[in-house]
Amino acid sequence: MAARRKVGIPKRKKKVSRVQGKMGTAPGTVSYLGSKEKTQSVVTITEYNEESIEINETSNLEDVLKYRSPQKTTWINVVGITDEKFIEGLGKGFGLNPLLLEDAVNTDQRPKIDEYDGYIFGVFRMLYLNSEDEIVPEHMAFVLMENTVLVFQEVKEDVFDGVRNRLASPKGRIRARGADYLFFALLDAIIDHYFLVLEQINHRIEALEDEVYLNPKPIVAQNIQLLKKEVLKVRRWIYPVKELVSRLIDSESHLIHKDTKLFLRDALDHSLEINESLQIYREMSMSLMEMYMSNMSNKMNEVMKVLTIMASIFIPLTFIAGIYGMNFEHMPELHYKYGYITVWVVMIVISIGLLIYFKRKDWL
Amino acid sequence: MAARRKVGIPKRKKKVSRVQGKMGTAPGTVSYLGSKEKTQSVVTITEYNEESIEINETSNLEDVLKYRSPQKTTWINVVGITDEKFIEGLGKGFGLNPLLLEDAVNTDQRPKIDEYDGYIFGVFRMLYLNSEDEIVPEHMAFVLMENTVLVFQEVKEDVFDGVRNRLASPKGRIRARGADYLFFALLDAIIDHYFLVLEQINHRIEALEDEVYLNPKPIVAQNIQLLKKEVLKVRRWIYPVKELVSRLIDSESHLIHKDTKLFLRDALDHSLEINESLQIYREMSMSLMEMYMSNMSNKMNEVMKVLTIMASIFIPLTFIAGIYGMNFEHMPELHYKYGYITVWVVMIVISIGLLIYFKRKDWL
Amino acid sequence: MAARRKVGIPKRKKKVSRVQGKMGTAPGTVSYLGSKEKTQSVVTITEYNEESIEINETSNLEDVLKYRSPQKTTWINVVGITDEKFIEGLGKGFGLNPLLLEDAVNTDQRPKIDEYDGYIFGVFRMLYLNSEDEIVPEHMAFVLMENTVLVFQEVKEDVFDGVRNRLASPKGRIRARGADYLFFALLDAIIDHYFLVLEQINHRIEALEDEVYLNPKPIVAQNIQLLKKEVLKVRRWIYPVKELVSRLIDSESHLIHKDTKLFLRDALDHSLEINESLQIYREMSMSLMEMYMSNMSNKMNEVMKVLTIMASIFIPLTFIAGIYGMNFEHMPELHYKYGYITVWVVMIVISIGLLIYFKRKDWL
Amino acid sequence: MAARRKVGIPKRKKKVSRVQGKMGTAPGTVSYLGSKEKTQSVVTITEYNEESIEINETSNLEDVLKYRSPQKTTWINVVGITDEKFIEGLGKGFGLNPLLLEDAVNTDQRPKIDEYDGYIFGVFRMLYLNSEDEIVPEHMAFVLMENTVLVFQEVKEDVFDGVRNRLASPKGRIRARGADYLFFALLDAIIDHYFLVLEQINHRIEALEDEVYLNPKPIVAQNIQLLKKEVLKVRRWIYPVKELVSRLIDSESHLIHKDTKLFLRDALDHSLEINESLQIYREMSMSLMEMYMSNMSNKMNEVMKVLTIMASIFIPLTFIAGIYGMNFEHMPELHYKYGYITVWVVMIVISIGLLIYFKRKDWL
Amino acid sequence: MAARRKVGIPKRKKKVSRVQGKMGTAPGTVSYLGSKEKTQSVVTITEYNEESIEINETSNLEDVLKYRSPQKTTWINVVGITDEKFIEGLGKGFGLNPLLLEDAVNTDQRPKIDEYDGYIFGVFRMLYLNSEDEIVPEHMAFVLMENTVLVFQEVKEDVFDGVRNRLASPKGRIRARGADYLFFALLDAIIDHYFLVLEQINHRIEALEDEVYLNPKPIVAQNIQLLKKEVLKVRRWIYPVKELVSRLIDSESHLIHKDTKLFLRDALDHSLEINESLQIYREMSMSLMEMYMSNMSNKMNEVMKVLTIMASIFIPLTFIAGIYGMNFEHMPELHYKYGYITVWVVMIVISIGLLIYFKRKDWL
């Protein structure tokens, strides 16, 4: 009993309700609501153009805000969004709307794209697999400005290593293009990681499928339900992405060049594919449950058949034995010489008859 | 039996049918149809601008309607809508359409937004948790006019304390903005409370989940059904909000400034998130029922296995005992010296054989 | 068996197929297809303006068609649509399209709104509860012309008493407004009666819910299915209304004034509410069936447990008794002084052990 | 077993695969793919105007193609589409696109409307009931040209007798109107026959409903599944019609006059009604299956109750009898004078106790 | 057990994750990700016009890229897409976008149509049946350029034999038309093969249907689930085609002539039909599972009935025998002359009574 609990039921975190923490504050208030401990934000600034690339790390607001040449593209990556003062300072420095900042640090914000005058703001959910192959979601916010992409992320762990490698190579297309292409490349990296998550889900569906066929224990049903919940949650984070990318493509903002839209169309394709897969996984997990139920009733059928065969054969025989166990004074059979052997013959004939009957019914 | 009824089945209120009470009256007739006792309306008038704020309470119609400076924003909050005369007077005083007033006091009105010349009318359902964590819905109506927001609510209990606190602070953004921002702030407070309700539903789903896994009693199935009904009802009140907020954003009325629309977009985001959550809760509650059914058939399987094992082992043994309980004169075995011990050996062999068979079938 | 049939299965009416009756006639042929006996049409003519009101009843076509002052609004209410000649005469008199007349007397016509030059034609289904609280549908057709509303109804029983009362009162808003407002008022009366029908359905759902919880007999399942069919049928008549009213609101016909559209918007609100309720009732009736099935398997579980407990305890005991009922010559236990009492002790120990086992499994 | 097969499972026709027959031919190739034997096409030519009507039958291509007065409307009805040469000749004579001809003889073509310059082409599925009340689908193609309607049908059996009768009458509206009205009249006749099919389906649902309630045998489940398949198939043929008629109404082709569109609107109404009915039948057939399953578990419950009652009463009694059948030397009860009668009393008390218990549990 | 595994559960290929292979590379990188071994690409070049046709095979890039007369239509068919260098060279030679080339060799690419300046790119999934009637999907990419169609396919096996035959015939329409018609013809060939796949699925549904009715073993349930998965997968590849063809028809590109659009409309018709069929197959496979479950509970019912009848008849009889097996000293019946025969009569009467009871309940 204890063991089943351990496997099947995830422990609920007793978290302080986000809603109650937020209730009553004015919209636009920049307040971090996640579960991470308060730490200083660390900012990595990558400035590059076709000729050169320079990477600096700082925690000093002024370093981040200092003048930068429009000749270069700047990627400002902020790790750690618990320091509300710092974030607000950053926002003021770049002239960002406070509502935007609120969403940037709101770790429960659903994916969104908002166009403001002069910049485009986006929130996406980064999904990656941790060392135990569990799906971990992390909040991520982007601001695409002229020549600059600002990224807010909650934890250091990120999915942008591929982008960094391509930036490091002087021949990469990414170095020749502007901030909008960088923005696309980051988004594309996030979407690419969704595929890893889908593969993991697929793997779990296949494992459960094997278990349902070969070993349909109750724990399997619980795991199917857990899988369904996981798919529901992942879907919630991934589903809106297709709509958002499509809105970027249709955007008339001068910040996104026509060339980059070709690439975004590719990202859209991937989002569509991901949504289709999720839909299929959902139907598959429903089929799994159906299959589990059918295997359950099949097992029940088998149990019942054994009971019925045993009972149907031996109950009549026991009855016959009971007859000749009676103590009536006048029971002529008891005195026949072949009475006993006759009873045995009768019993064997009955047993064989019933076995044939059950065989015919395909119960054996 | 009595106890089950107490827990599982909510008592039906014998309410006078709203419909029959209303049937045959002309549209636009202002008649209160709720279940509250008739009381005097109490009006709280909050006048404020960036410099000052003044709060008055009155039940006198003339006090409410007297001239007010367009320099200030006025929030007229009417608690108690059973006094139809008072409401009609108020409506005439502000030049409101009688159809609007009818909806304002109609406690069964579904959420709506209607734009009239010179004012915007909205009905929303306020949801809050009472002291027993039950979800209580209350009817609420808003009129947004130039410089003035008129609020009708059925009971004193409300969700606007956060707004009042922000109004009290001289530095709050809310003091610097007009009636449309106040309208948004009130709406936002209502939507924020929906999150509390969702959290409560989530909590109940998780509690039921644990019960389904550990203790699947019939009462659990009833509670799952009650939860499903609750989700259906909450959804009915919350679902239209997204559409209504979106219509406000698209509205061309001069009453809503462009700046406020940015904030409304935020409220729209929240409504979308709430609807998604409700959808997920709905699917989860269906999964719960499925899980309950699967646990039920699992339990049945277990019961059947016990019966089958007991019966399959002891029925053949009893038959053997019955054989040698027969009173035939000529039963040679009865006279063998080791007859009795042989029978025991045979019986033990049969039992062990069957136990091995059941073990192999994984029934033990 | 006979009783079940009486309750659960509605008697099928052996009706002459409408389709076969109609097959092969030209479209536009005015032919009554309902089940009422052929009777003379009775026409009630109500002429009114703000000053006066006059009500006449006639069965004479010429009286109906005679010249009327455009100063007054005229409501021509035709009860009885079996007299095809009369209807055709009426249609010619008012210059109506024969297709319209065909629909007006076609008692199977689904709800519709058709705009013709100079008049608007509508078919709606009036639903009311008869004395046994059964839902009775009646076909109803409207023609809105300049200053005149023409109503065709199959039976005298109608839902317009509220409208008549408001017309009778000289101060009513209805007297001051034209034919379009009368048309709205009649439509509104029909929609208001839908609420009564919904209340009845809700009442039946609640009654079935109690039965499912307390007394899940097969007849309950049949009644749930009947309810589902009833909801399906009512939905068929009510569902299109929302679309139709919305089309009236968007209509550019000069016959419907802008003021009246405000009222129609109200009627639209009601239709939406009704559709939502029907949707919720549908989901509830599906939940009911699910609950019924879960209660059924629960009952089965209980039955099986009783069987298993009885059989598991007494079958081993009977086996032991069987053992010492054997007639072997050499059974030492039979001769022990405390053999009998020992057997009893063993049996009681086994029973208690099994009871503890079942208790632990929560089967008792 | 054999009998079940006969009733429940339709025999599969070993048909030559259409697809394989067609694979690799160029589009626009006129090749008949149906199952009818190759026969000569028979053409019935009906020429009429308000004054006169003339009907001729021929199998000669030149007779069909000869010059006709534009003063008259011509209905060319081709029965038999296996003669590909003849069809191609006809097509060339009237200047029709080869793709159109391909579809005209493709008996698997789904319903469609295509507008070409100068003519409109439509394919519909005619459904009728054969002498055994089975639903028979037949392919049918129409070409509406100036003054002429060309109809291709696979078999003589058709649904146009009503149209022919109306044409025969000199006063019929159909004689006064042109080819577009004839086209509508033919379409309307097809749609009217759909109602007959729906009635048949309804009849079968009601029959199955009675069987489910009174006699839920496995064959009933099979018949419900067959019904579901039938509804799916009929839906496939009927469902597109609504869309097609609606496209005809919106068509800007000069071939369809405004007056005829009023009639088409009527046909649209009927298609909508048919689709609604099919939807309801689908839900009903799902309910039927649900009901069947619920009746099945109900029956199982009854069976289990009988077993449990019989076993629970007699197993303990048999045990008691077994006790006193033991052969211990020292069993004092055996020698009591009233031992036997006491045992009977105890047994009767136990039986009555159990019966009361079962009665209380409502199992009796 | 082993056998079941062999039949029911497909072996999972341990494939190198595509996603991990791709992760971190720049978009537009041409890298083959399929499972085929690296081989040289083989290019078949077909040049034709109405007068002549010439077919060449080469693996030399320059041969492929050399100048060609715009008087002829060229079909360049590339078999084998593992040689990334070759593909890139080809792309550069024809001036194709690298993103396009990436998709052309990405064997996981979902179906798509992208319009670029000067060419149209499409990816489709070719489905064919292998020698064991399994459905095999193959990736296929098309580029429609002025006068030229470029086709990329992974394996030699293809579905274009019909097109080749028609090209070989000097009188075929295909020879007279341009590259757009060739493009359509290839697409049409792919869609035609979908019908073969559908037929195979239909065949399997019918086979499973027979098994469900006649022999509902657990393996059948597994096969139904496998079928459902197959339908899901096929649907994923086929479903987008309808949308893509429809986009081609609406395209304003000069590459597709108006005449060809008529043919594309035909292809659209076929895609719609295929999607409808898939939808119907999906519903049928769900019905199959339902039917299987209903047959399972039916079988269970039968098993239970046999058990109940056997137990209900013999348990009471055994009890009676037990009574007269008791060893009480004072049992008067034992000494009656007709005691034994009376007991037999009583037993027979009880048996017959029970048999009649079961007969009445329809259990026999």
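Here the chain labels run A, B, C, D and E in written order, and each chain numbers its own residues starting at 1.
Keep in mind that, in the parts below, a residue touches a chain if its C-beta (ideal position, glycine included) is under 8 Å from a C-beta of that chain, and two chains touch if they have at least 3 such contacts.
Being a predicted model, the structure only gives us computed values, none of them experimental.
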Checklist outcome for this item: Going from subunit D to subunit E via touching chains takes a minimum number of steps equal to 1
Item to check | Same-residue or different-residue interface between subunit C and subunit D, half as cut-off | outcome: different
Item to check | Relative orientation of copies subunit A and subunit E, as a Cα rotation angle in degrees, nearest 5 | outcome: 70
Checklist outcome for this item: Note: subunit D sits from subunit A at a C-alpha centroid distance in Å of 43
Checklist outcome for this item: Between the Cα centroids of subunit A and subunit B the separation in whole angstrom comes to 26
Checklist entry - Do you know which subunit C residues sit against two or more other chains? => result 293, 297, 300, 304, 307, 311, 315, 318, 322, 325-327, 331
Next on the checklist: Show me the residue ranges of subunit C that touch subunit B in the complex, using the header's touch definition.
Outcome noted: 161-163, 165-166, 172-174, 185, 188-189, 192-193, 195-196, 199, 206, 209-210, 213-214, 262-263, 265-266, 269, 272-273, 276, 280, 283-284, 287, 290-291, 293-295, 297-298, 300-301, 304-305, 307-308, 311-312, 315-316, 318-319, 322-323, 325-331, 361, 363
Checklist entry - Okay, in this complex, where on subunit E does subunit A touch? => result 1, 4-5, 8-9, 12, 17-20, 22-28, 97, 99, 103, 109-110, 112, 114, 218, 221-222, 225, 228-229, 232-233, 236, 289, 292-293, 296-297, 299-300, 302-304, 306-307, 310-311, 314-315, 317-318, 321-322, 324-327, 331, 333-335, 337-340, 343
